[in-house]
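The following pair of complexes shares a single chain, chain A, combined with chain B in the former and chain C in the latter.
Moving on, here comes the complex of A and B:
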């Protein structure tokens, strides 16, 4: 049962109107949940995590443990002057932050978050989420080209090259999971991971695909790092090389949207990884939604860990790793998985 | 069973409305003092020279982009196969379910090997850049 269906049962409105109202309420709820996560992650958790890794203190003045910095930062950034640089390509320059932010949010439409929190469950769920997640690269190119800044331009071109190189490994490792499940429907993929793989004394190891096929999980996590543009693949931003890449010329609310879009994208990557490889919202004792949050935050922590611990690769190395390493390995993974699934069946 | 795409459309609307409302709030709050120097393109504090659209950037990875189109269509073709794979084994046997796809992937891998050998999957592949690279290692 998806979230709009539950809401529709509670509402006194029937027919199409009831469906639409329930869908809008559900969508607003999902959007709010993800924006809340992003608000905690962006201004606060990211700083705290990076500070811990580099042995510093980070925000601790505003509110308990500096938590109110979220409010302070939101007001500060929204109240900043929006500087429109000379020669920007106006509609594209304005649309890019919108596209980056909203495409990442839209991906959560099909993610099963547990406790009945799933907005929609179409049969093409996985294909939909990959398609929507890759729309963000269009926003990055628009931002890079329209800014009329050489750093932005380079960042935009790098973003394309990177997404071209890592999109296929990402999708192919996703396809290797579909070989097991035989469906693209997200709820079915989660359901396929509920059985016990083997029992280790009193602990039953669930048949999450991260345990069934750890090789695919590792490939997916690496490709996901590239997809969300975090170290060692933060080439499109590369603060020490090209200032801030495609977001160099953005200020005020546009900067907020680009930044927010990036963090929602990290969470979306985490949500896809959780659904495909970590049993979705499944887990003992705690309710499903809590487990879902734990899993996406674990992936977020992993990206921040990578950001603090790993040096950036060069752009030519990135292309080589993508096309000569990841692509070949993901094909090998797909073929091997197909052979093994076939041998078992 | 309600239509899933109504809910997805609703989230699409919400996902556009939230950023738009943030833009509106910011528009109400923010000052606007467009001074001349402030609006200059950022080039590390120097006076900007030329437009970013007049620079000649060699997009050498266009071969990679072409290759991407090939592989992307391939993944589109692989996805239906992965969905029906387990059912197909039961119906027509492992050999007929697996081997045609292996041949298909094999052809594409040959294509990748060709591109690899010809240096298409490189960021820089101009002869001049290669010369500079050799000079640097010697000097």
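Moving on, here comes the complex of A and C:
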């Protein structure tokens, strides 16, 4: 049962109006949860994590463990002047941050977060989530092209090249999971991973696809780093080369939206990885939603670790890794999985 | 073995390996009008229209392959350009070529056809002093804005006249901004002066062909602070010494001070007690480690992105060095520790405690370096990025006057600490690090290994200082209260700074202030090699090459 259906049962309104109200409340709830996560991740957790990697302390003055920096940063960023450079391509320039932020958020509509938190569960869930996630690339191109800045333009071009090279391996690796489950429905994919793969003494290793097919999981995590644009693939931003890439000209609220979109996107990547490979919200003792949060934060931690430790590859090397390496490997993985699935069947 | 050995261009060298100026004069024949005595070398006076010919003879046949510095200055009756020549194989073999021109028509032939490094150096001479170089490929100003009126270091310059250069006058949007033809499908982009990777206010006019760099033109001078002129207005004895700290201001202070100390001490014939020399050597190598740490850290920043751990690790280790230097000198950045004839004060009391903290650092150091090697040189992604990018062939490096880790990363075995010994270096056991790689990786790796050698030097200095008899701890020799070197004494002296050969040319006019004070900045010459390294490469490689050059704009612009 999805969240709006549950809410609809609780609400005293019947009919279409009840469905709409329940859907809106559900969406607001899921959106708030994800934005809260992002708010904690962006101004606070990211600083703390990077500081730990680099032997520093980071924010610790405002509130306990510096947590109130989230409020302080929100006020600071929103209070800044929104600078609109001369000659920007107006509707596109304004729409790009919205598109970047909303496309990632949209993806969470079909993610099963455990404890009954899932907005919708269409049969084409996986296709939907990949489709909306890749809409962010469109936002990056719009931002880069409309900014009337050469650094932004280069960043936008790089974003296209990178996303073209990595979307295909990403989706193909996701498709290898579909070969196992035989369905695109997210809840079914989670359900397919609930059995035990084998038991090690008292510990039962669940049949998460990360354990069933570790090769696909590794491929997916690498492609995901490129998809969310983090080291070694943070080429569209590449601060030391092209200043800040597509987001060079954005300030104030627009900057917040772009930044927010990036973080939601990392969490969406984590959510897809969790659903496809880590058994979704499954886990012992703790409620499903807590496990889901642990898993997406683990993926977030992984991206931050890569950011502190890995050099950025060059754009031509990235294209080479994407088209000559990842694409071939992900096709090999798909064929291999098909053979295994066929053999089992 | 090949039978045909290339002929050694060694005209003018005696069998003992000394320079025979008479033979050199014979080699040049009629072209030598007069011979001057400078403290470091003889100066051959030649006609302004025979510069290229003379220099190319000296380069081809006498082996003077290093145009260390070009100094321009004006006298009451004439302008003068001095080309300080050296040999990469033996920098103690020096020769100055002095080119006088009349005051009315200060035109002199350019040497840019013989030495690539003359390009920028002559531009600077034109900019600040006002000598016109005929046949120069690019006769523009370099440090001052293009609309500047007059030449500040020439005698007829009115220093009181304000010059305001608004952007609309300085930047002409219709001018040709690049050598690349307009019709080709390229994009012009300004990297800097405000850009995360230019390590200061450097402006690189870049023409891109897609992601590839088609043409670059570094534009320097944003941090020009008239350091030469300030030194010319200060007394030798005390007032000049604080300025060198501000050239290469990123921890290389004592190395810079030593350049001035060496030149001034040789000029005034001052002795330095051995004890002071050991302290100088130790503190200078500490500065070198601190400067190289920052170089490696920021290089990692350029390759990894702005959240890398390596940069913070480098800063953490540099902090230890900074504390040691602070204990010694009382300062963390602008040390002002050296004095003519010695150092400002002895090691801090209690000495044992200081030695112990230095030894603690030295004990930790190998494991720290190991960490950098793990994170950088043995990281495969890092290798993928920097190996075989930013190639600087050794011949180009020499022609551009590259020195320091940049030259040594191209396999040019040139280190003034060994080749032109000063201080206590020749009595210590250490090695010059070179790498044949010629790429970005080689330059970073040379710096990492040099830090190891510097630690060896520091260790030996500490050993020496610990056992130094208490009654022989002279930190300062007798130096007159006012220094007034003989009129028309000229000297060019260089030391091995953190970035390479840091040279000082001084001419005295009998007063207590130098009549001309010229700084030969290693960063300035090294930066000239950037187009060689970067053109045809991708933008990230250009940024990496710039990082591997390790420039400090304070020293480039002075």
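Everything below uses one rule, namely that the second predicted complex is superposed on the first by the 345 of 345 C-alpha atoms of A that agree within 3 Å, B and C clash if a C-alpha of one lies under 4 Å from a C-alpha of the other, contacts with A are read in each partner's own complex, and residues count from 1 in each chain.
By definition in this document, a contact is a pair of C-beta atoms (placed from the backbone, for glycine too) under 8 Å apart; a residue touches a chain by one contact, two chains touch by 3 or more.
Just so it is clear, the model here is predicted, and its values are computed rather than measured.
Of the two partner chains, chain B is the only one that A:81 touches; chain C does not reach it. If you count the residues of chain A touched by chain B and by chain C, you find the higher number for B.
When the two complexes are overlaid on their common chain A, residue A:221 makes contact with neither chain B nor chain C. Once chain A of one complex is fitted onto chain A of the other, the partner contacts of A:210 are absent, as it touches neither chain B nor chain C. With both structures placed on the common chain, the touch criterion links A:232 to chain C but leaves chain B unconnected. Judged by the touch definition given at the top, the superposed model places A:315 against both chain B and chain C. In the superposed model, A:271 makes contact with neither chain B nor chain C.
Once the two complexes are overlaid on the shared chain, A:293 sits clear of chain B and of chain C alike.
Residue contacts after overlaying the shared chain place A:26 against chain B, while chain C stays out of touching range.
In the superposition on chain A, contact is made by A:182 with chain B only, not with chain C. In the superposition on chain A, the residues of chain A contacted by chain B and by chain C overlap at 150-151, 154, 243, 315-316.
Contact residues on chain A toward chain B in their complex (touch as defined above): 2-5, 8, 19-20, 22-24, 26-28, 30-31, 35, 75, 78-87, 97-98, 101-103, 105-106, 108-110, 119-122, 127-128, 145, 147-154, 157, 160-161, 164-165, 167-168, 171-172, 175-176, 178-179, 182-184, 243, 248-249, 252-253, 256-257, 315-316, 318-320, 323-324, 327-328, 331, 334-335, 338-339, 341-343, 345. By the touch rule above, chain C contacts chain A in their complex via residues 187, 189, 195-197, 211, 300-309, 311-313, 316, 375, 379, 381-382, 384-385, 538-541, 543. Of all residues in chain A, those touching chain C in their complex are 50, 53-56, 150-151, 154, 231-232, 234, 238-243, 304, 307-317.
By the touch criterion given at the top, residues 1-16, 18-20, 22-23, 25-27, 29-34, 38-44, 51-53, 55, 57, 59, 61, 64-65, 67-68, 71-72, 75, 78-79, 82-87, 89-90, 94, 97-98, 101-102, 105, 109, 112, 116, 121-124 of chain B touch chain A in their complex.
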